[in-house]
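Below: a set of structures, written as structure tokens.
The two complexes that follow have chain A in common; it is paired with chain B in the first and with chain C in the second.
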Partner chain A sequence: MGITKRTGTAFATLVAGGVLLAGCAGGGGPSTGATSELTNDKVVIGVLNDQSGVYKDLSGPNSVEAVRMAIADYQEKYGDDAVASEIEVVTADHQNKPDVANTQAQAMYDRQNADIILDVPASSAALAVSTVAAEKQKLYINIGAATMELTGASCNKYTFHWAYNTQMLAKGATGLVEDGGETWSIVYPDYAFGQDMLKSFSEAVEGAGGTVNESIATPFPNDNFATFITKAQSTNPDVIGTMQAGGDLINFVKQFNQSGARDTTTLAVGLMFITDIHSLGVEEFAGTTFTDAWYWNYDDQNREWADRFMEITDTRPSFAHAANYSAAFQYLEAIQRAGTDDADAVVAELEGQKIDDVFLRNGEIRADHSVAHDTYLAKVKSPGDVKEEWDYEEIITTLPAAQAYAPVQESCSL
Partner chain B sequence: MGGISVHPLETQENRDMEDFIQYTVQGLSAGGFYALAALGLAVIFGALGVVNFAHGACYMLGAVGAAVLLGTFNINFWAALVIIPLLMFGFGVLIERLLIQWLLRLDILYNFLLTFGLALLLVDLVKREYGVSGLPYEVPPGLEGLVTIGSVSIQKYQLFVFAFSVVICLAVWLLLTRTRVGMIVRAATEEPERTRALGINVGRWVTPIFGFGIALAGLAGVLAAPFRAITASMGSNFIIVLFAIVVIGGLGSILGAVVAGFLVGLVEAYGQAYAPSFSQLVIFILMAIVILVRPAGLFGRRQEAV
Partner chain C sequence: MSETVLESPKETRYLLDPAARRSRMIRRTVLLAVGLIATFLLPWMIYPPVAMDIAAWALFAISVDLLLGYTGLLSFGHAAFWGSSAYVTGLIAIKSGLPFPVAILGGMLAAMIIAVPIGWLSVRRAGIYFAMVTLAFAQMIYFVANQWKDVTGGENGLQGVPSNFFGIKLVESDSFYFYYVAVLLIILGAWAAWRIVHSPFGRVLQSIRDNPARARALGYDVEKYKLAAFVLSAGLAGLAGGVFAISHGFVSLQELDWTTSGKVVLMTVIGGMGTLWGGPVGAALIVLLEDALATSGFDGIGIITGSIFIVVVLLFRRGIWGTATLLIEKARKAIVSRKRS
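== the complex of A and B ==
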């Protein structure tokens, strides 16, 4: 009897060992038994963004670091219980070109076995990757691009839009109109992003009871704005709104300040990253208002995260960096809940999710896969009010998620 | 009319006229800047037969240099206006001695490709060191704000850039046409063999001329620092406009570069004002027309190859 019992136990041990061994053979690398729930036995996160061009500083390589921070936090939180027991990060430079983005995205999904692609600034490139994601039935969370198309007519089941969009940026205009900035001139670069921004801002201004006297298209890129600025001033508007971005924005603001327009007119910037303020200097931007998706020095939670970020990167995070962190972390959390990295299961976990983390406050993943969250109407500080490097913004008001984002787009059917 | 006109200045026609004058002034001041920036390109082509594609990158180095002088060493704009061209002259001499001179005897394309590669290298090195977002720079004290003349107000700094550019262009023109050095240089470029036969060492002048052209690019960069975004790629688009100017003016012609610089400045300003979406296109339409009607450019010498 005793012998039989012992033999039985030994047999059971043997079987269990065999099963474990089989698991390991398929896995390779540390295994917790949950490994078999992962496609290719690991989770591969691809970060596809501008690693060398105009958007490098506002996202770029430091977004990859932010994603790594998210992975470290996930691993610390779940330890041995982590469903995503092995996580790999792959990166590529899409040079802000849609054709390059398309090829890179295909390579990431097919050859590098990426389960998800993150970031992708430049709207045209973002839309290209969205198409690839739908074809491959793999996840894609956009952070860097502003276009409404991602969650509008071109939306699909696998694409999410995490951080901001043109309508949310335009909400800041509503506040300005209510504060007496009733007449506007809008200067915009004449390509998809600029046209999108013009539309969103015009709607916001007119919706709040203001009028757009003049909308002026400029070439892109462009470095001489003198005449455009004179033209924008010709109707004596209360506010001049510029939709230029990156280097063009800096050109515009420098020339705007020198034209003397600053004394009589409020300048509203459509899309501004903290890296823009840093590069031009706070004095040139002082008093400018804009909508921000996140600010590192807003509260203790943000600041703590920004300190960690600074230890690694030696700089302060833009909202795109924080959003990349948030998207990667919430993606891993969704895998944890689903118990698998299967794309359809993870999408199901993400949909409708309400999220509060360092980036998303009162965040909600909506039916069109846009993520609504609290946003901020910010004003650039005067040099005298700046207490430390990167301390550039004063948050005037927090716009609650429901106000900050327009209703879900009807043109989207997933 | 006959009736009493109340507030004559407020009529639409007056307003349009004021705007037109404003645009013209802006076009002229932009033109002066373009002329100065294109001058070095024309000098280098005229003297060496080198199409210097790195001119935009050298312009960028001038602006970045000014920003670094101010940011790191607290050296102001006026000093930079002297220091940067001197440094860029040295840089030009170095480049000519190390690289350009070896390809001078070969087809013009070789140096074109060399300088193109050089431009990419310089831009990426600056990106590596200073990132892509650009560097801050202020308008020098005393040149902020506006001057109002009649009903037209113009930025003091624009006015300064215009006056400064005109003075430099004039000085360069006088140097090349009215001095012995200038005559040697022109003789050396037009008739190298015959000049040599007269006992003049032609090769001796090639290196400083190249350095001089590069110094002019650097000078334009310093002038640009207060009113343009200072980024590694600021020269990449600018060089295209500069080439258009040099082609319109006639390759290698100093006077041509200056006249075409002003022309392009004006055309761009009117384009921006009256046909905004086409404002950059008009420059190239102008270039196409000039090439069709006068293939050698407005002031270019007729060349066999053309």
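== the complex of A and C ==
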């Protein structure tokens, strides 16, 4: 009996201590309505992305470097007047898995006191983080993922979608149809991203007066596209659109070229990053058109930034890198205006903001928290036209923000 | 008396020697106390959601151990039950808003129902064939979940699973308090596993593991016993999966992926098969390792866990727990014999 009594007391002490400790932790939570104050005396920016898998090159560690560049620029701009007097960057690898992203996002907000999470490629992972952000009432600016859901049915007050989405990617198709590519075959991977892309592209093609002859689903991931390419060609379309991404895209393009389809048909790629072109080689992609959110060699402003980026990382930035820079910088600007890093105050500062920076041209944060900005219809150069390494794209047209982005989604209520 | 026939030699000692039985009793009580204290202290030492992960994976590993360690069946498709339960739990919680233990119970029942036809077909095979059949069924369920977008959310998963608990805000929103409620379900599951293993039914399972032909000759319907073990194991996996789903507020296809099946087998083997305690040890090790590595910026999580697996399989096949108990037993014997001399 003596023993049980003692353990009982010990246990009671433990529980009491637990309540006390948790109470203390709760006390340090978000302070409402405070001005020129920082939670935990510093701003913590979390970068959560793929640091080891297929999206490592297009986002990965270099996104973290881009965020650091934004911090350096902010500190240089405001010096001693900076509201965010101390800024810390934390980072984690979500392995493109939604469950890991979910856990890591919780840990970032709770354990590392992150005030904001940036990047998060892979749509399923992005939606997971968005849910956590809403629950914790902390900011999340998505860059790496394309899904419209983030600013549609699953939108919330604390989530912003910065760089691109499936509908904007499909806008490039409109330009192609107007240039005579009227009949299309679309090959898409049969999962959420591919299905979204198919929907957006079909609407864009048909909206511009073209027709989609055939839409062909492929398994995901997949290595052998030969039968799908043959099937896509069977109706002699002007354009074959592929919605594959990453490693699958590279396989598809290789096999597309080997099949000889390239001589008769234009290839349109749904989503491509400059890092994809770099890894497969410019000759394999030459002539391919796609929608780009940003290109490093577009003008002097971009180039200057890309040169700085190259000094640090030894490589050229993808649009996701530039978008990470932009999002981090605009977030810090919003803190500066609000005088605090309190999430609600910063969200209020960001909402409706019109922005022009190295990444966003004619940018506007819209009512559904999607960021509309000028985008570009790009064509991959032929090897003969490449003047330097990474000089892969020729910008055919610039789509003004209002054209590139569809109206605010009605399914979103913040 | 029929029971004594089934006793393995290790058990016989306890039957014949009351002193040994008493010392075992003390040992078990101490272990149980240490285990419970560790369970209750966990969210103090580490981040509570990670502690919850450890607890959920621990029960999942125990469920696999029940089959692998005590029945000799290597299921390579246990993610089917963990994941199905996670989805059903999530759906119940989202659609009905019932308290989470009810939702988890629903998920657990669903996992057991699914396990009946799968188990009925697969227990007719043993060894690698059993593993392959279970894997095949798990993959089928994976693809159903992937295609059934309207219900499961496909690639995007089930978002925003609520953790309703009779309106008690502290439990619903604070992961620290949530742990203490949810871990009770896990402990209940672990207790059930212990009861199963140490019941006459559990003894029959072990005899089937060691010598199925003999068990059959003694009149036991081997297939039926295996099926029962399979369904019970699926129920425990489902319980763990349901807790996992509620704790994360989120269910994804990852829960049904074959890598999840692989990970739980890895945990069981590293911790030690046929020990029950091994599962929690393996789960704690792997979850903590993954957690530490994810924030370290190191690329190859798989390299580390894979290397540990190889080392364990090559150097101590009994796993961490199995090897530790063996060493302690050896040391004890050495002390006893020295005392005698």
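Heads up, the rule we're going with is that the second predicted complex is superposed on the first by the 378 of 414 C-alpha atoms of A that agree within 3 Å, B and C clash if a C-alpha of one lies under 4 Å from a C-alpha of the other, contacts with A are read in each partner's own complex, and residues count from 1 in each chain.
Rule of thumb we're sticking to: a contact is a pair of C-beta atoms (placed from the backbone, for glycine too) under 8 Å apart; a residue touches a chain by one contact, two chains touch by 3 or more.
Source: prediction; values computed, not measured.
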item	value
Clash or fit (per the criteria above) of chain B with chain C on chain A	fit
Which superposed partner A:127 touches (first chain B, second chain C, both, neither)	second
First (chain B), second (chain C), both or neither touched by A:260	first
Touched partner set for A:91, first chain B, second chain C, both or neither	second
Partner chain in contact with A:52 - chain B first, chain C second, else both or neither	both
First (chain B), second (chain C), both or neither touched by A:135	second
Which superposed partner A:216 touches (first chain B, second chain C, both, neither)	first
Partner chain in contact with A:78 - chain B first, chain C second, else both or neither	neither
Minimum distance between Cα atoms of chain B and chain C in the superposition (Å)	5
Shared chain A contacts, counted only where both chain B and chain C touch the same residue	52
Interface residues, chain B side, partner chain A - complex	15, 19, 22-23, 26-27, 29-30, 124, 127, 131-136, 138-139, 144-146, 153, 155, 157-158, 226-229, 231, 233-234, 237-238, 268-269, 272-273, 276-277, 279-280
Touch list for chain C against partner chain A, complex	33, 40-41, 44, 47, 49-50, 53, 146, 149, 154-157, 159-160, 174-177, 248-250, 252-255, 291, 294-295, 297, 299-301
Chain A residues within the chain C interface of the complex	7, 11, 14, 18, 21-22, 25-26, 51-52, 61, 90-95, 97-100, 102-104, 106-107, 110-111, 123-124, 127-128, 130-132, 134-135, 147, 149, 154, 191-193, 195
Of chain A, residues touching chain B in the complex	52-58, 190, 216-219, 221-224, 226-228, 230-231, 234, 247-248, 250-251, 254-255, 258-260, 275-276, 278-281, 283-284
